[in-house]
Amino acid sequence: MQGLSEVVAAVHADVAGHIGAGRVADYIPALSQVDPRRFGIAVITCDGERAFAGDAAVPFSIQSISKVFTLTLALERVGARLWQHVGREPSGSPFNSIVQLEQERGVPRNPFINAGALVVTDALLAGRRPPETIAEILGFLRARADDAEVSIDREVARSEAQTGFRNASLANFIRAFGNLQNPVAEVLEVYFNQCSLQLSCLQLARAGLFLAADGVDPLSGETICRPARARRVKALMMTCGHYDASGEFAFKVGLPGKSGVGGGILAIAPRRAAIAVWSPGLNAAGTSLVGALALESLVERTGWSVF
Amino acid sequence: MQGLSEVVAAVHADVAGHIGAGRVADYIPALSQVDPRRFGIAVITCDGERAFAGDAAVPFSIQSISKVFTLTLALERVGARLWQHVGREPSGSPFNSIVQLEQERGVPRNPFINAGALVVTDALLAGRRPPETIAEILGFLRARADDAEVSIDREVARSEAQTGFRNASLANFIRAFGNLQNPVAEVLEVYFNQCSLQLSCLQLARAGLFLAADGVDPLSGETICRPARARRVKALMMTCGHYDASGEFAFKVGLPGKSGVGGGILAIAPRRAAIAVWSPGLNAAGTSLVGALALESLVERTGWSVF
Amino acid sequence: MQGLSEVVAAVHADVAGHIGAGRVADYIPALSQVDPRRFGIAVITCDGERAFAGDAAVPFSIQSISKVFTLTLALERVGARLWQHVGREPSGSPFNSIVQLEQERGVPRNPFINAGALVVTDALLAGRRPPETIAEILGFLRARADDAEVSIDREVARSEAQTGFRNASLANFIRAFGNLQNPVAEVLEVYFNQCSLQLSCLQLARAGLFLAADGVDPLSGETICRPARARRVKALMMTCGHYDASGEFAFKVGLPGKSGVGGGILAIAPRRAAIAVWSPGLNAAGTSLVGALALESLVERTGWSVF
Amino acid sequence: MQGLSEVVAAVHADVAGHIGAGRVADYIPALSQVDPRRFGIAVITCDGERAFAGDAAVPFSIQSISKVFTLTLALERVGARLWQHVGREPSGSPFNSIVQLEQERGVPRNPFINAGALVVTDALLAGRRPPETIAEILGFLRARADDAEVSIDREVARSEAQTGFRNASLANFIRAFGNLQNPVAEVLEVYFNQCSLQLSCLQLARAGLFLAADGVDPLSGETICRPARARRVKALMMTCGHYDASGEFAFKVGLPGKSGVGGGILAIAPRRAAIAVWSPGLNAAGTSLVGALALESLVERTGWSVF
């Protein structure tokens, strides 16, 4: 294997011809106005080695990737009781489907579909006000990214709230089954803010590094969660991290990952590295098209597939 | 870590108090009459080390575990064209559900649900008669298990055929959408025979070893498939290997695996070992209850989780 | 056939032994506290003959029966354009199901499931404020019942709003597909108020009489709608008036009808009479159990089945 | 109202411009080769008056219209016990959908979808061989049509069998839930033969006349079934007679009816007449497009809507 920087440069070259492909999310102006030709990649190893290319330092809206971090926080707060409110199975459905929710009486299939993430956010809120909870999430991301510049794009959060009828529908539906403890409006407020976190690839890879290292931040030495919990979050990323294209991602990339409609993907090579890619054009399932290609290339070049 | 034999003995001790738990499959006499207190485990490493315990040498009906081997064979025969006829996504549904098949116009979600396995069997048949195809599958299993004693229980195959209305329904349904090339009766004949293969844990672990070693049988040196193909079969085992409990298995065990209603599970620790467990009592999702506990214990003791 | 009063008395006697059966709706206090032993029936013929028994003069919450009246009003206002926003098919699903709505991209199956009624209410609102629209609906019911005492139970409306998460979910879901023109909160406000209309059996039968007489109130001579429209509203009552028990009602009663969870049913015998029954205990499908029995008996005794 | 012959002639004229519209069923050659410009209509009143136009004397494949007659026969044979095996609700789904069948564990929604008709045929078979049962059905149709020339097109039956994978799937599926008593192959044999009955509009209207007259053939005086049973068969025709377009037919035509993919429709005007129309071009829901228009026109001109 070449040095990490050469690998990352080669991955960048591999995907260069595809940059701009895919369809940029257009449901809110803030996302639709992003330049489709952006592409960034950052890899940080458990030893602290860094390699990056393209727009790796440009912050983007991480959207659903935030679900990995709120799940970790909620599990630390409420423990395994969380699994009474949300399942651990792939849904076989798009990210915002409501069908299974009706059949399964308000218990979402997993924490990485929108319905499940709302339940996780509800668990995080427990007994507090939205601003505190939003501050806690932001604080966690800043600490994990080791960068106090990490922020929430309030304009994006406002837009999400104005157009978030589907999420409002999901939250009311779950509430109708008694599976939300906090007011629907408060759960949505926190949720729209967590989706509006903006991080660069470098910040995001750094923030996810504890997952690569069994729950301990390998650079700061801080314990974020138990090793078994870190493994389990990664198992969920593998089976459920990309909605109804999770199987395809596992098949082609072979790493636990989580994508967001902003075009970012966080992938974890256990005991090796955290990888963040960003390219705004999405495939039909809502995952970054060029981002997934870049990860395929990276895994091919490094042999980091868990399989 | 202890020696492998000590680990396997400790796993056996861990689950001893649970042996007999779960519900034995009862849809055909040959399965329902199996002693629910059977338990076997066998581990074979890529170096050829073996460790086993309990009824590891007793043959049992591998049922759906056969899908891993027919998938490998079919991919070698027809290549990536197979994916035009069957998907690669978790179904989120029980093993014999027909609902998605209607929505998705006869293209099964993945090769490890019954509908998908029928399509794989159809691809294997292509242009030949059932006896030849059954002989090919049996020959492949004998070669992989390095044991000419591996056999098909024809009595089980007959029973499957007599009670297999659900599979007959699935096959006719797929045929109605034009996604089977061979006569329904021939596809079913081969399918019921492959499900009736009987192997012991020792034979099954040996047969699956090529998947642990990137497609090359590490003991005989034979190439069975390309490394990328072996990885991809394992990715499918991870996301789809246990029907609508695949997420739970990934969460708790963290290894690619495939279960059968006969109570067997084949799990692969990439680049380390193949593991076979057998215990007839099933959980609600049709996976061996004690078998899954044994794998959880094994992974806890070895750290072999891919995550 | 006996005189109408004798028939109604005989019907009352037929069901007397069943009064109190069924399960009273309990999702809001105002409904759950109704005496389950209430039973009322009123028949008003196109000639103006009246017969009634039991609690026929006691107002009750008409709930979903209001959908018949708002549909008539909305059709008069927007005409056949309404059918671009809501279908005319039985749903085969419970009253508040969201599954079909997802498959059919936000266009509810028919105007008598909750989702469809929300779309009808949205059409009625068009360009006005909720209080005006609520006043219009109330005025229409007062005119049709020929009784200025007809009122809305504001306490019930408030309770509906506080517990109406499922309806809020439906409305947001429809809005997400762009099939509501007015703000979700305003549509819900009108909807919860229309459901809280309270009429007695006598008032309700009187209010529905124009449907029995081809769209013309036979007692006042007023034209409410064209004959074809009256027929079509009745066709929808026949095929969709009782959620996923509409077939059963058609099979046993054979009259177009509409039920509400308050325990009321409005049935129409074309060119003969309007009939209102009330008994709070519901069957599994949410239709008044004793009310349906009474209508079965009435039809048996009068031969008024349309079949 | 004009005389009946004038009305029928006027209806013919009303639809003349549309003849040839719609899509002819093409799943078997025998149906696809029918001239799309065929159009026939026949009306027979309870008084024995006849009026007809176009190809009213040309036999066509009645297909699913046969379900009305086998239901009547099966109810006479097994009585209300039949309803333990098949429901009475509109399905909200296409004629050959399998989805609900899985949710409802093998009990079809109603006797007029294919799955339900297979259960009805199974009840008719009970303890006999297919040829006897086919002979009984044919005999019943000949008696009802008062014409020994009524026949089964064996070529059509053979084609149905060769391409009937979807029906074979449904039958096996129902059998898997234990809801068929006879061998799948025998149920299918009878079913494919009943679908292949060929009658002209004149024969078909005559055959359905007992339904218009409360179960008694008004011309021969024979009692076919009790009045309540005749009403209930008509109620099912109203709510379930046209698959997922039953609501639309009720809305526009307002008569109980049953359509077949051969382009025929049998409609009943209670206590007035039986009407048969035939035009091979189908709408999206599989109902004769011009046939439905003709019935709309007829009802408009006669005021025969039950509403």
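Letters are used for the chains, namely A, B, C and D, taken in the order the chains are written, and counting of residues starts over at 1 for each.
The working rule: a residue touches a chain if its C-beta (ideal position, glycine included) is under 8 Å from a C-beta of that chain, and two chains touch if they have at least 3 such contacts.
What you see is a predicted model, and the numbers here were worked out from it, not measured in a lab.
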Remotest chain, subunit A as reference, centres from CA atoms: D
What whole-number Å value describes the gap between the mean CA coordinates of subunit A and subunit B? 32
Just curious, how far off is subunit C from subunit B if you go by their C-alpha centres, in Å? 55
Express in whole angstrom the distance between the two chain centres, defined as the mean CA positions of subunit B and subunit D. 47
Using the touch definition from the top, which residues of subunit B touch two or more other chains? none
Going by the touch rule set out above, what shape does the chain contact graph take here: line, ring, star, complete or other? ring
Residues on subunit B engaged by subunit A in the complex (per definition of touch): 87-93, 100, 109-110, 230-232, 234-236, 238-240, 244-248, 250-252, 254, 256, 270, 305-307
Sites on subunit A touched by subunit C in the complex: 97-99, 102-103, 165-166, 168-173, 175-176, 184
